[in-house]
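Both complexes below contain chain A, partnered by chain B and then by chain C.
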Partner chain A sequence: MSASRTTAPTRDVGARSSRSSAARKEARTAWLMSSPALLLLLLFLGIPIVLTFALSFTNARLISPNPPAFIGLNNFIRAFSSDPTFIRSLTNTAFFALVVVPCQSGLALALAILVNQKVRGVTAFRTMIFMPVVTSMVVVSILWSFFYEKDGLFNSILNTLTGGGWTAVAWLNNPGTAMPAIILLSIWQAVGLHMIIWLSGLQGIDPALYEAAALDGVNGWQRFRYVTWPGLHSTMVFILVTITIAALGLFVQVDVMTSGGPQDATSTLVYHAVRKGYREQDMGYGSAISLIFFIAVLVISLIQRRLTREDD
Partner chain B sequence: MSTTRRTFLGLGATTAVAATLAACSSQQGGASSDSSGTITLWTHNGGNKEELAVVKNAVEAFNAANPDTPVEVKDFPQASYNDSIAAAAVAGDLPDILDLDGPIMPNWAYSGYLAPLQISSELEDSIIDSAKGYWNDTLYSVGPYDTSLCFLGRKSAFEAAGVPIPTIDKPWTKDEFDAALAKLAELPDYDYAIDFSVADSAEWWPYAYAPMLQSFGGDLIDRETFETAEGFLNGDAAVQWGEWFRSCFANGYASETPATDGQDFLQGKVPLYYAGGWKVLQSQETFGQDEVLILPPVDFGQGARVGGGSWQWGVSATSSNPTAANAFIEFLMQDEYLVEYSNAIGNFPSVASATPETEYYAEGGALEPVYEIGTKYALLRPATPGYKVISSIFDKAARDIVSGADVKSTLDQAVKDIDADITSNNGYQAN
Partner chain C sequence: MTTATNAVDAPEQTAQRTVRRRGRAATKRRSKILTYLGLTVAAIVAVFPLLFMIFSSLKPDAQIFAHLGTLKAFLPVGDLSLDNYEGVFERVPAGRFIANSVIVTVAIVGLGLIVNSMIGFAISRMRWKGKNLILSLVLATLMVPFETIAVPLVFWVAKLPSIQWAVDGFLLKQGMLNTYQVQILPYVANALAIFLFAQHFGDIPKEIDEAARVDGASWWTIYRKIVVPLSGPTFATVAIITMLPAWNSYLWPLMVVQQESMRPVSVGMQYFFQLNPVWGQIMAYGTLITLPVLVIFVLFQRSFVQSLAGTAVKG
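Right after this comes the complex of A and B.
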């Protein structure tokens, strides 16, 4: 009795301490396990971000015998005051995102609802819509630049449709049509991916809810508005954030198809940063543009998160 | 038990980190020469079998004659070659011998990658000017060959349109050229009068169109001081060039979106094609040697011009055996290899004595006019470390002009950008 009295607390203490030591051990193992990933993240993400931040206040060159010198905010002032291409890139990027985000997510949702029907051959449609996603963007861009040529596919289709009344347009060489042309291609290429994500969201909605709604005698629109859409909330947030970030980072299509032209009509922030920082070897200025880009993406993502959070 | 597992995991992680770091640093010292006397050579023609074979032949012969300092070749694809050099330079890992594109040489010499060449003055004197790379009055590179720009024309089309054929001694004037374009544009069998090769990108634009600008009397930069582009790239002559160039597209003489690689000419869609000497053989194969006219550049007022300068050889500043490296370059510049080069890739040798031995440039050879045009009208791109920036800015400005931007304001902005770059680099003064 007395012995058990004396041993019981000891055992308790021992169990508690062994529990916490187990937790500590687990935490240590967790850090250890994640260390390779963390190391790589630090090496290829953390350090470059810090470097970008530091370099953007200097006049560092890619190839130069002169050491970088601190020049304060000069790079940022230069971007906003004496670089019209930068301003144009900023507005182009914003325009691209403003058009692509709603169009692409809406179209993807519509397609997802379509291919969610239980009809024969629907897998074939899913595959067809998803196919461009697995094709490299470089390949897609080269192909589409042939379509956009003056005697390319689009002009001949329009020519046939209008019975020869169509005047051919060199879509990518016209400042008015180059950006819309790139927008169309970009939506076509990426819409399949977001369709699949919407589709997984759709299939995650409890069928019992649809049965209940059917018993209540809802019409198609009501079913979408009060069952489907609320059930897709977290999918919607995910899709909006990923499309926005991808849209703001527009680069490959521009690099392959237009080199930012004609007359800066398709130049974007990332393209301009690459051109200045890498091709013209002005690392300091390129870093400053990248930093502005980084801040813009961060701010927009934060605003989006705030606007789309669950109201509870 | 748990201790051993933890130790094992810790060891594993440490090994992974160490391996990563080792992988990052294993490049160090790997490429540069070691104590065995081997000298390393890097070349850009990884994707170019014929040219690489010439280099390898020369290396084999050199190694047989100089067993103490054998040369080891490493070839890169052209697209990533310059990046490899820049990365190697930052890591202190440059090879002993490297090849480089002519216009980038001053940038690398200025950055301390290159050592001045020490070849015999006899050899130096025998090489044509456009194959020698001088910066600050110092010779840094020499090239085994060069090529030229030219217009390729269809003889039958010229006859059908009644266009007189210009000769190398008496090139087209601006008015004659415009008249020729107008007449050729009216031929019913062709879509456009000319393919200006605007589908080509990057260095092609300054290489191909700056000579026209120079022929108008403008230039990319002040070639006396290399300190400003003001008045050169945006002066009256430059604006005239821009307006004329734009008019060729606005008048419908040329397509803004020609097919790449000269296909419009080769498929018979245009009768005139602005290209380099490297396109001549293919065109002659397609249409027959008599049908293809090799025409000189246009004299827009200040003399006809073509771009000069191709790939050249240099010795790195960190080479541990510059004597052997220079000896190899001298060895490679013998007529024997220059002839091999020329026969393999169709460019002309940079030393005149090799010319009669070549297949294409000997008396009556298929490419003889290209040689005459190149040696008579070549003007090198400005030899300044800032050329890479000038090239990128000119490329953008010329593209904007072709697509219809206001010529004067486009060129003004280009000048502003070039001058800003020169100022922020303290005038690219040599150290």
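Right after this comes the complex of A and C.
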């Protein structure tokens, strides 16, 4: 990956200058071809990132006659010292990620091993397990809110299974069950995606390794432990990082199903940022929460990368 | 027919072999049965909510509730009709929401394919100072979740100009809120798409470029006439991975589109909860905006799954 070098030994000055003018032209065309994407990235990613930093130190409001004023670290101090909903959102987000990341990735791996078997019709099963992934999270959330209602599907099923002995629970209206309910549907929706990623990792393992293991007479668990799992290392790192980032960004389910309630039991960092920064128009504070969210994402994925680095 | 005559030759040996083979076959069969059992359970868990939605959309509300807790909830039985679908279009401008989503999705995918493939081409096949820096910067942005910048981005797009169509031509208006542009432009340039294009274009032999250059072809010609036609599968992959988030987007249009007539399907869902919710209609609307995606997915299942898996491994 070296940059352009025009060091070809040539005595012909004319040829060299025409070559360098061709190189200049090439560079100009390259910039021209890149410019639409670069302009869009600058406008809708670069500037907003800078704005997130800049606004989080101000008292900017979405619609306001006064220009934003610099208020130093006040937004951050306010978040950690006088906003219990923020603290609650932070712990909720952490709880959600701590449960979803291992459960979803583990379940996805088990499913991947299952759909990696060479049995007839396995593609049809893969397709079905993947269907929730292509379904919009808004639709999924609405559907599951119906399941979670007091006279909804889950209570009815539990009632049938227990022969009428089940006391109906309004899952989303109860601070103790609301977050677990959201966790369950979140795992259901995305597990197929991570199954497919694990599956591609499984299929990338050299079959010769399995043959060698078979010659050594290993059992099923040893085969997994010493052949499959080491072969999945880079897949595992990728899945861990992407699930974590997705989990920390939890928003749609909360917005559609509970609006952060009951009693802030399902409020999350992104939900709180949108509530403060957009709905209550407190842009500066919303930006500060977004920045805290971003730093959390960055720190956690860096830690994960370091922890999962292969020592060789 | 011939097996009978073979078996006569060495009856004892054959019997032994058969027993061993049967033993192995039995373990194999048992593991196969377990596999099918696991697959069936997983498939049922994955599909039952969608089946419930689709079949409930055909039933009146009273029957949806009557069927709850029984197997009938997941079967197309009872008074089936398309009344709920009619109700959807009477209650909300569903046609408009769907059209909006189609416009926005097609524009994001179409513009994205052009813009991202051009920069991918420049990075992977041309020599210029700064391309490595640009590539690293683009890849670094993959670490920034959209949710981080969403709130400040609203502040920003409210100040950006937008182009308006008027009777006497185009004019610039201050503020991008409530337009298609604000729903499209932030999603067009996509770091993952750029990376994929750069990687796949890099796999095409560079000798082709040199030959074409000698023949006097410009870089634009090489891009359009050689590299793009050779990269159909890459374009399909990028189209697939950009299409889904575009169709399903929720947070961004929720914040920047207040005007009902400009809203996409996912935000349109809210309108069903403004008065008393009719669940049959909600299920019908959900089916309406999910079924096209499901059908596309099943039809292109193979390339769909491969592209997502491939992206992941390379990303």
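Operating definition for what follows: the second predicted complex is superposed on the first by the 276 of 312 C-alpha atoms of A that agree within 3 Å, B and C clash if a C-alpha of one lies under 4 Å from a C-alpha of the other, contacts with A are read in each partner's own complex, and residues count from 1 in each chain.
In this text, a contact is a pair of C-beta atoms (placed from the backbone, for glycine too) under 8 Å apart; a residue touches a chain by one contact, two chains touch by 3 or more.
The shown structure was predicted, so the numbers you read here are calculated from the model rather than taken from an experiment.
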In the superposed model on chain A, is it clash or fit for chain B and chain C? clash
Touch check for A:L62: first (chain B), second (chain C), both, or neither? both
With the two complexes superposed on chain A, say which partner A:F44 touches: chain B (first), chain C (second), both, or neither. second
Superposition-derived comparison: chain B or chain C, residues of chain A touched: C
Figure out whether A:M283 sits in contact with chain B (first) or chain C (second), or with both, or with neither. second
Going by the contact rule set out at the top, does A:I196 touch chain B (first), chain C (second), both, or neither? second
State whether A:N174 touches chain B only (first), chain C only (second), both chains, or neither. first
Partner chain(s) touched by A:M131 [first = chain B, second = chain C, both, neither]: second
After lining up the shared chain so the two structures overlap, which partner does A:G165 touch, if you call chain B first and chain C second: first, second, both or neither? neither
Once the structures are superposed on A, label A:K150 by its partner contacts, choosing first (chain B), second (chain C), both or neither. first
After the superposition on A, what does A:G261 contact: first (chain B), second (chain C), both or neither? first
Clash-bearing segment of chain B, relative to chain C, as chosen among 75-83, 129-137, 183-191 or 399-407: 75-83
Determine where on chain A the residues touched by chain B overlap those touched by chain C, and list them. 29, 33, 36, 43, 62
Could you please specify the touching residues of chain B with respect to chain A in the complex? 2, 6, 9-10, 13, 16-17, 20, 86, 89, 107-108, 110-112, 201, 255-257, 388-389, 392-393, 395-396, 399-400, 402-405, 413, 416, 420-421, 424-426, 431
Which of the residues in chain A come into contact with chain B in the complex? 25, 28-29, 32-33, 35-36, 39, 43, 59, 61-66, 78, 82, 84, 149-150, 170, 172-175, 259-264, 275, 279-282
Please give the residue numbers of chain C that touch chain A in the complex, ascending. 32, 35-36, 38-40, 42-43, 45-47, 49-50, 52-53, 65, 68-70, 73, 114-116, 118-119, 121-123, 126-129, 131-132, 134, 138, 141, 143-156, 158, 160, 185-186, 188-189, 191, 194, 218-220, 223, 244, 247-248, 250-251, 254-255, 265-266, 269, 279, 282-283, 286, 289-290, 293-294, 297-298, 301, 305, 308-310, 312-313, 315
Which residues, counting only chain A, touch chain C once they are in their complex? 1, 3-4, 23, 26-27, 29-31, 33-34, 36-38, 40-41, 43-45, 47-49, 51-52, 55, 60, 62, 111, 114-115, 117, 119, 122-123, 125-132, 134-140, 142-144, 146-147, 151-153, 156-157, 159-160, 188, 192-193, 196-197, 199-201, 204, 234-235, 238-239, 242, 245, 248-249, 251-252, 255-256, 270, 273-274, 277-278, 283, 286-287, 290-291, 293-294, 297-298, 301
